[in-house]
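Two complexes are shown next, each including subunit A; its partner changes from subunit B in the first to subunit C in the second.
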Partner chain A sequence: MAEITPIRTAAEVALVERFEDLKDKLPGSGEIARGRDEAFALIAAAGLPNRRVEEWKYTDLRSAVREAAPLAERPADAAALVDKGRAFAKVDAVRLSFANGHLVAERSDLAALPAGVTVTPLAAALAEGHPLLAEMGKVAVAKGNFALALNSAFMMDGALIKVAAGTAVDKALHLRFVNGGASPFATAPRIVILVEDGASVTVHESHEGVGTAAYQANSVVEIVAGNGTTITHARLNAEQADAIALSTLAVTLGAEAKLTSLGAVTGGSLSRHQVFLAFAGEHSSLTLGGATMLRGRQHADTTLVVDHAVPHCDSRELFKTVIDGEATGVFQGKIIVRPDAQKTDGRMMSAALLLSETATMNNKPELEIFADDVQCAHGATCGELDDDLLFYLTARGLPRAVAEALLVQAFLGEALELVEDEAVREELVARAEGWLGERT
Partner chain B sequence: MPAVQETVERVKAIDVEQYKYGFETTIEMDKAPKGLNEDIVRLISSKKGEPEWMTEWRLEAFRRWQTMREPKWARVNYPPIDYQELYYYAAPKKNPAPKSLDEVDPEILKTYEKLGIPLREQEILAGVEGAGSRVAVDAVFDSVSVVTTFKEELKKAGVIFCSISEAIREYPELVRKYLGSVVPVSDNFFATLNSAVFTDGSFVYIPEGVRCPMELSTYFRINERNTGQFERTLIIADKGSYVSYLEGCTAPARDENQLHAAVVELIALDDAEIKYSTVQNWYPGDAEGKGGVYNFVTKRGDCRGANSKISWTQVETGSAITWKYPSCILRGDNSRGEFYSIAISNGYQQVDSGTKMIHLGKNTTSRIISKGIAAGRSENTYRGLVSAHRKASGARNFTNCDSLLIGDKCGAHTVPYIESKNASAVFEHEATTSKISDDQMFYCLQRGLDEEEAVALIVNGFVKDVLQQLPMEFAVEAQKLISISLEGSVG
Partner chain C sequence: MLQINNLVVEIEGKRILNGLDLSVKAGEVAAIMGPNGSGKSTLSYVIAGKEEYEVLDGEILVDGENILELEPNERAARGVFLAFQYPLEIPGVSTMTFLKAIMNAQRKAREEAELTTPEFMKRVKAAAQELHIDQEMLRRGLNVGFSGGEKKRMEILQMALLEPRFCILDETDSGLDIDALKIVAEGVNTLRDPARAFLVITHYQRLLNHIVPDTVHVMANGRIVRSGGKELALELEASGYADYREQAA
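Our next item is the complex of A and B:
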């Protein structure tokens, strides 16, 4: 029987060349360099993910990525670039700023960190072989993932953040990623957050595009949470309209821990946010949310894998997608319940609202269950705005556009309410309103 | 509660290794040599007395098949199949074309009796309940149709119900027009294999405006050691017609795995309705998961005309591996597709089943109710696609897939794909997985049922929605099968 030999695309060939050129210049040696080689070997062997690869069925990178952009150097005007960022400006937080993936010390509150929080720039940590690096790549279900492997091969900067045991960090940490340049570039920042037993912390992540050139971002945030920890996380993707933005959140959750994470997406021509979460201790709970607003020819993919490896954990997922124009929304959510994870309670909901005739939504909510004493459910809906509701509002004198906006806002609101931090929630709601205001 | 008690007793009495239908009938077989090549394909074609175009059709499929690879995406594991180690043709040696049951080899009739196939029973039943509930049986014993009952009466109504080989000879224009039009020759690995080597199956044509006077039924049996059975079923419901088709299967126990790769094509023209019901109980393998039938089936219905309807109902309890996705292409405006499924896996069975509802026409509706029950060390996966194309405005789908887990060594998985390219298409999908709740058990126990009765009662209730969709003739048998399939897992 005929074997199919994959033909390498120009981007795939270029990717291999770029890695060969760069690998000796990237920070870290010995073990770290070997890690990079291993990660890249995966990519070199499989090429860019395409629709024949089940996990990437709806997001075909092989056809979307025409060329592999060179890895971004630290911009000369890094501080000025970061200053163009607007996201979460009103939010009271300790900031770590990244220009094209490089930590910008002069725009980061490294000297004014809250008690119990330590930050090590990743480039330095890689060079010196920092012990916290051992916390990387702990989530089993994320192993072999293309975006994660690509980041592991190319990671050039970022931060190692440690929250000491028992610390309740009173100020939020804001990871501010600002991307911009005159010619195409790629980024590969990596953040590792170790939250020790009993600590609690709030992390906000913003990704913005402020330049002219299309770029390829690929950020990875890893959270290793100990027992009894509480973590709130919010993420905003306001990437440039022509950017390809891959992002990964990989979390290991200890016992009696609690994590809430919400991702809002408005930017990027093609974006994919992946969440890999592994429960490592009992009696933990997880809430994941998403609010995605798409128009034009945007393509946004949200992919989750929640791994219930231990008993007595709860997970709740609520994802809302609003699609206008010729945009495409993708939701892939998988809940895995391992053989011993009895008493698991998992509920996943994905709802999509199609605002135009040419919008597309692809939903794939999956359950993979190997334990019997569990409660798992998923729901998925997609459709247009309810005529009855629209009629009700227009009958009361609201113009159709206003009525539609009101309904969309209510639709998204359910997910945005998951954000606990008031200032962040307000900004996300305002961005949703702004997005609706731009609808023609 | 006699029915429940019976269920529980059967479940207790029969262990996985004692498959109820595990026996083999010894009848001389007329066999083609092992393996598959163009000569075998030609041999099959000539044995069937097929015209030249059919032989060419098969050969083309065979050539295509050689370039294809076996699909690996399903959540099933099995040792590699050596397609050259199989026999592709086996026909029982017998007096040619028996006209009535009396002429049939008594061995075969005995087999049916052991299976409890109500061939004669139904004739009696028919007398009691009137013509409306009659069942015509086209019994398939290994690969050749042996008995066709009620043929004359069907002929009066203008209904054609015969074996596919006969149809190829006698109604070539119909076969040529529709065969492969729903499941193309190159559709998938197993369908292509089937296209090359299918040996028998049923052909049904319901003429315009005719409501088929009885339920049509085929019992499939696999008998001879090492023969894969490749059935081909083609059902055409012309404008405004209606037909209900029943398919039921059992197989004897054996050591070596058997491959079964059937293809079923349904075509419903304007205002026509096809109801296709399956009860599948092939040998699931022994207590260690050894043996058992590999069931790789391609079933697809095409709602070609406006206001047409195709409804699939299946009760899947057997086979070591089930790979089966009865689908509906909703091409005609206002057409409707339905899929009702009970998939039960026990022992080491692996089920990967579901449906596809492809909405192409306007105001098309579909409904999917899938109940999966996993027990023992089995794996039970629902895999389904619901898609609306750009022009499918007003499409509507409701999907409900529930899984029930019995025991902590089994797995239940749900993999739905929901693709909407039309804003006015409304899709709803819900899936739940759970075990029998303590509250339900407590309620039943408190009312004096013992644990096993309670479980049987709850499981019956769990699948009720689907059982109700089965025709009367099948509902009783299906209920029994469900209880047998859950052997040893209850309690």
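Our next item is the complex of A and C:
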């Protein structure tokens, strides 16, 4: 059989060269190195995902990624770089800071972790072959995903976090990613959070750009949650306006567990946030939600795959997208209900508000149901601001721009109100207000 | 205060107002009565500045200034207020937030200082009490889950807080039971003032027992077809609108 030689773009050629070049220098040997090779083999074979790949139909990385930026080294001024980060500054939390994907020990509260929480820097964990590494890659529906594979091939630092059984962690953990540089770079940080049975933890995650050069971020957070766990997660994408930002949240949720993950997206020229979640135990519930605000030529993709493999689990998804200018929003949400997953209750909603005639939204909600005794629903809407409401508000004296801002805030509010932590919610609402304030 | 001359309005190519003339003086309460579909709501929307109506001819003067080119908020800043026939629900915007926003927007447009929070709260509390509006309602989304009567009272609350100079009430009586009607009428009567004018639009004479008008105009097919004093309302109650339909057709 003749060997098929795919035609590679310049970025794809560069990626292959980068990997060959780096594979022996990246932390970890033996099984870890083999894992990198396997992950990269996927990428080498398929290239960058493009619109002919169903899951990437609306987010064509092959045409968006012109050059593969070199993997970021630890910045010399790492502490100074993370000090430029502003996200969740007012939120009381234990911080783990990352500069261009590298853990910055001197800006992380490693010595002041709450009782029951242990953190191992990933670079060290990879080098020593830490047992928690075995928790990686557990979500079946995430297997083969491009962003996850790319991170698995190149992951250079991050953290392994363990929350011991029965611990109710009394302070939030803030994963603070600050990216910035004078020349282009790529990041591949990886976080694994093992939440043992009966434990509860709050995790805030922020991604900010503070530099001058465009960068390519690709973060992965994996959560392995045991039985009876509660995980509250909030996420902010305030990446640099010219950044390409891929992010993945992969979760395995045990029995009688509860996970909430909510977020706001304002940054990135192109961003894609993926959530892969597998219910692994009965009577668990999931809430996913977010508010995305886009303008200019931004492109933001939210892609979810929720895998109901066991009975009696609930999932709720509520995503709001506001699109101005020539920006594009993408929502792909798939709920899979496997034959055994009777009594599944799944409700997914994606609503988009178009503020300009050149704004675009692609909504693709999907239900794949193989069980018969389930309640599942999905909805997707895409509309403009209601003229009658605008008239009502302006007739009461509000200038048009103020009336529009009020209606947009109300639209996004429904998703942002789900954020339980008051300080986080206030910051996300304030960022939405700030975004509206910048409308011209 | 209000002078409308030969107003001709179309929507989607359909003529609704047909050379309407109307004059309301400061201090006056004018009632407009007329059958459904005669164009009463259209008139109120056009005065308030709703975009989708096409004004083909005529002018609307408020204190001598033609307001037809002004944005709705600019008209509001000049004292025009419309209490909607069907007030809209705005989920996600709390009534309190909304009230503060509209009061301060109008103050800003008139180059007055913003209200302090205590001053704002004091005014809202007093006005809400007069209209038997519960504090709890003020915390809910604007008009969300309110009954028809509650929505109408909320319109009057906004009118009381904004202190407009020219108030249009579009069928504020519809959907109200007699107690609610009395509360609303009382709210309006308190605001009667030599410097303020009202245009009270109604299908029924009932409201005019409680808000006694100075003048009554009958509208049919997009025109004022008859004008008189308050006794005209009683006459209409007895005879109905049948005569006017024919007359205008």
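Following the convention adopted for this analysis, the second predicted complex is superposed on the first by the 434 of 440 C-alpha atoms of A that agree within 3 Å, B and C clash if a C-alpha of one lies under 4 Å from a C-alpha of the other, contacts with A are read in each partner's own complex, and residues count from 1 in each chain.
Quick note on the criterion: contacts are C-beta pairs under 8 Å (C-beta built on N, C-alpha and C of every residue); 3 or more make two chains touch, one makes a residue touch a chain.
What you see is a predicted model, and the numbers here were worked out from it, not measured in a lab.
*Asks:* Could you tell me if A:54 is touching subunit B, subunit C, both of them or neither one (first, second, both, neither)?
*Replies:* Once the two structures are laid over each other on A, A:54 reaches subunit B alone.
*Asks:* First (subunit B), second (subunit C), both or neither: which does A:359 touch?
*Replies:* The first partner, subunit B, only.
*Asks:* In the three-chain superposition, say which chain, subunit B or subunit C, touches more residues of subunit A.
*Replies:* B
*Asks:* Applying the document's definition of touch, where does A:378 land relative to subunit B and subunit C: first, second, both, or neither?
*Replies:* Touch status of A:378: first partner only.
*Asks:* Could you look at A:339 and tell me whether it touches subunit B, subunit C, both or neither (first, second, both, neither)?
*Replies:* Once the two structures are laid over each other on A, A:339 reaches subunit B alone.
*Asks:* Determine, under the contact definition given at the top, whether A:369 touches first (subunit B), second (subunit C), both, or neither.
*Replies:* After superposition on chain A, A:369 lies in contact with subunit B alone.
*Asks:* Touch test for A:265: subunit B only (first), subunit C only (second), both, or neither?
*Replies:* In the superposed model, A:265 contacts neither subunit B nor subunit C.
*Asks:* For the complex, which residues does subunit A have touching subunit B?
*Replies:* The touching residues are 1-2, 54, 339, 342, 352, 354-384.
*Asks:* Using the touch rule from the top, collect the residues of subunit C that touch subunit A in their complex.
*Replies:* 45, 48-52, 71-73, 75-77, 82, 84, 87-88, 90-93, 98, 101-102, 105-106, 109, 141, 158, 162
*Asks:* Residues of subunit A touching subunit C in their complex?
*Replies:* Its residues touching subunit C are 387-389, 391-400, 402-403, 406-407, 409-411, 413-414.
*Asks:* Contact residues on subunit B for subunit A in the complex?
*Replies:* Subunit B reaches subunit A through residues 66-69, 73, 390, 403, 405-435.
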